[in-house]
Amino acid sequence: MEKDGINSFGAYLELITNRNPVVHQITNFVTANDCANAVLAMGGRTVMADYIEEVEEITGAADSLVLNLGVPSEERLQSLLLAGKAANKKRIPVVFDPVGCGASSFRRNAAKKLLHEVEVSVIRGNSSEIQCLFDKYNRMRGIDAETKFDSICTVRKFAEKTHAVVVVTGERDIVTDGDKMYMIENGCKEMSLLTGTGCICSALTGLFLGADTKAVYSAVCAAACVGIAGELSWKRYGECGLGHFHMGLFDMLGNMRKEIFEAEARIHEI
Amino acid sequence: MEKDGINSFGAYLELITNRNPVVHQITNFVTANDCANAVLAMGGRTVMADYIEEVEEITGAADSLVLNLGVPSEERLQSLLLAGKAANKKRIPVVFDPVGCGASSFRRNAAKKLLHEVEVSVIRGNSSEIQCLFDKYNRMRGIDAETKFDSICTVRKFAEKTHAVVVVTGERDIVTDGDKMYMIENGCKEMSLLTGTGCICSALTGLFLGADTKAVYSAVCAAACVGIAGELSWKRYGECGLGHFHMGLFDMLGNMRKEIFEAEARIHEI
Amino acid sequence: MEKDGINSFGAYLELITNRNPVVHQITNFVTANDCANAVLAMGGRTVMADYIEEVEEITGAADSLVLNLGVPSEERLQSLLLAGKAANKKRIPVVFDPVGCGASSFRRNAAKKLLHEVEVSVIRGNSSEIQCLFDKYNRMRGIDAETKFDSICTVRKFAEKTHAVVVVTGERDIVTDGDKMYMIENGCKEMSLLTGTGCICSALTGLFLGADTKAVYSAVCAAACVGIAGELSWKRYGECGLGHFHMGLFDMLGNMRKEIFEAEARIHEI
């Protein structure tokens, strides 16, 4: 699949349908229902479990793991770490979503610890979350914390250093593995009026990874799918309002097909 | 009501409207909002509380109790046990939903412990959850764990042994109290694309129980209501997509009336 | 703004759009998604965090704090208290929603403790919650607990004693700061068929407070907005059912504008 690269993005959707991957999500209660429904809508299965005594076993039986830092606690952090290490041992790919990681020193330290102890395949956040993570990561390694996060180059540098694919979602999404870099121009600004679109993007990245899609392509596909679903839902339901828009997002995720994806995706290698 | 049996299923709906039962749900955060709204939609009231210090008091004031094993923890298990025992003491009916009980040894042991310490009126799960519970239950009693869960007879045997009504939901739902056995043919396969339809079925079983409906009829009515709502929602909104389908489920639950129930229910005594 | 008073309610909506306040919500998992989406829909931002180690820092960076007693625990109570005190220290306004505070002695004591240790700007509940709080509060101060909660006068008395704005939502909403008293006649009885409309009202009260609206006007605006949204959604979608009604609530909150507010609000000073 790897050699097909950018031209095969649509085909990755079919991998999911064929393989029905199980995504273990350790996530926050605010957006959990949406994250579960998004994975199901696109053809995966999901299990949500966060208790220390069971996370390793559940991760071990999953095809991918999504670690979400929303509404954290010390106990939740221990679960994230245990599950992450179990995934690493079994070579199960891991997505890390540093939700609101700039909001408190507890979250900053938790994120740092997680990046230090768990090898993650993909890190996805908005620009302020990734900026915060980048600063913390650099400080952790004694690098000048003042490095500005003002350019695509910095994202690439962060990917190189962490050996992870880094995704910065926003008006335009940036995805890089430190080598290749993609820009996704799907989505619409109204998506920021719904809670959880970022968490959904991370969950779907886990879904593509679970279907054995290469990390950088998983991240691109997930960002494009969420963006396309948002765009199409807003186009169709925006004038009704945000309730319709929210509902429509799941209509569009469930109806996503190769043809729609290929017609709508605006993915550029840059 | 008992003597009317199968011909009165529609009438049980009216019991709910008349009695407005309060269902105490100890449930997981993924589907809690849907479970609460489903109970309200069909005319009940609900309270969700899971803290050890208050569950007994809250159960004691409720008309039924639903114990859901989703996203468990040791502390949550203690709450399930305490509430269950409080319900038993006051003869408040209990529904047990062993969510994902095959997913970890923690859940298997938790489910076993719960079945051992709490007398439950109804156990509801999908076939793999009930299979897992059945194996664990048998092993617990030194019975050959290899008994195959390959037939309706096994479900009946499990009901006999546990003195509970056992419900296996799936393409067709099976409900038995060890004596009578019903098959419900409502529902549609797309319901598996929404998280929480099983949890909702357990919640609604609690609702019927809370209105003093006999356990086996409560389970039949709840399974039929969820199935009918799913079917009607998919028929009406399926072509729009899964977001509409999810929303429509609550439309249909809220609009469920004796007449609709009786026209749509496909319940067979077998 | 204060001097404009009742004639400026519509203008407070624009304050939110201009100031984009951040509301820190410590809330229950049942309605968290709706509470977050309601705040975003009306132009605010929100952060949900409940871990002891981070709540003070997160409150400190917010424009208002909403303390919701739903699905409580001892640990959650400690977070509510810590965040509340941090807010008091920094003069960040606090809303308290004593969800189900009559349901257990744990909740009654938690509510009492919170009112004792935290200075709150607004207390919002339904009549049984406020009644319970009032009794507990009086008992705490050695006042005759038998004072009947049978009149608007009692609500006023409670506001005077707590130095908080007290809001009793129901068929008609009552808002008073002990001096002025308002009745809001928006909303419809079907809102009680959806879980979370009360929590949403508290969240939106926090949103108005965060935009520097005076407490009594914040409470009036929030109650009116939720009521108007409910009314308009029911008018438009009620015949479809409760799923549509739920969705429509967010359509209407997102579409709320000064003109709609002023045309629809039925606010009386009494």
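Chains here go by letter, A, B and C, matching the order in which they are written, and residues are numbered from 1 within each.
Definition applied: a residue touches a chain if its C-beta (ideal position, glycine included) is under 8 Å from a C-beta of that chain, and two chains touch if they have at least 3 such contacts.
Chain labels with UniProt names: A, B, C = Hydroxyethylthiazole kinase.
Keep in mind that what you see is a predicted model, and the values were worked out from it rather than measured.
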Which label fits the chain touch graph of this model best, line, ring, star, complete or other?
complete
Through what angle, to the nearest 5 degrees, does subunit A (Hydroxyethylthiazole kinase) rotate to match subunit B (Hydroxyethylthiazole kinase) on its C-alpha atoms?
120
Just give me the whole-number Å value for how far the CA centre of subunit B (Hydroxyethylthiazole kinase) lies from that of subunit C (Hydroxyethylthiazole kinase).
34
Got the subunit C (Hydroxyethylthiazole kinase) residues that touch at least 2 other chains?
29, 33, 246-247
Of subunit C (Hydroxyethylthiazole kinase), residues touching subunit B (Hydroxyethylthiazole kinase) in the complex
28-31, 33-34, 70-74, 100, 103-107, 192-196, 240-244, 246-247
Under the touch definition given earlier, write down the residues of subunit B (Hydroxyethylthiazole kinase) that touch subunit C (Hydroxyethylthiazole kinase) in their complex.
29, 32-33, 36-37, 40-41, 46-51, 53-54, 57-58, 61, 246-255
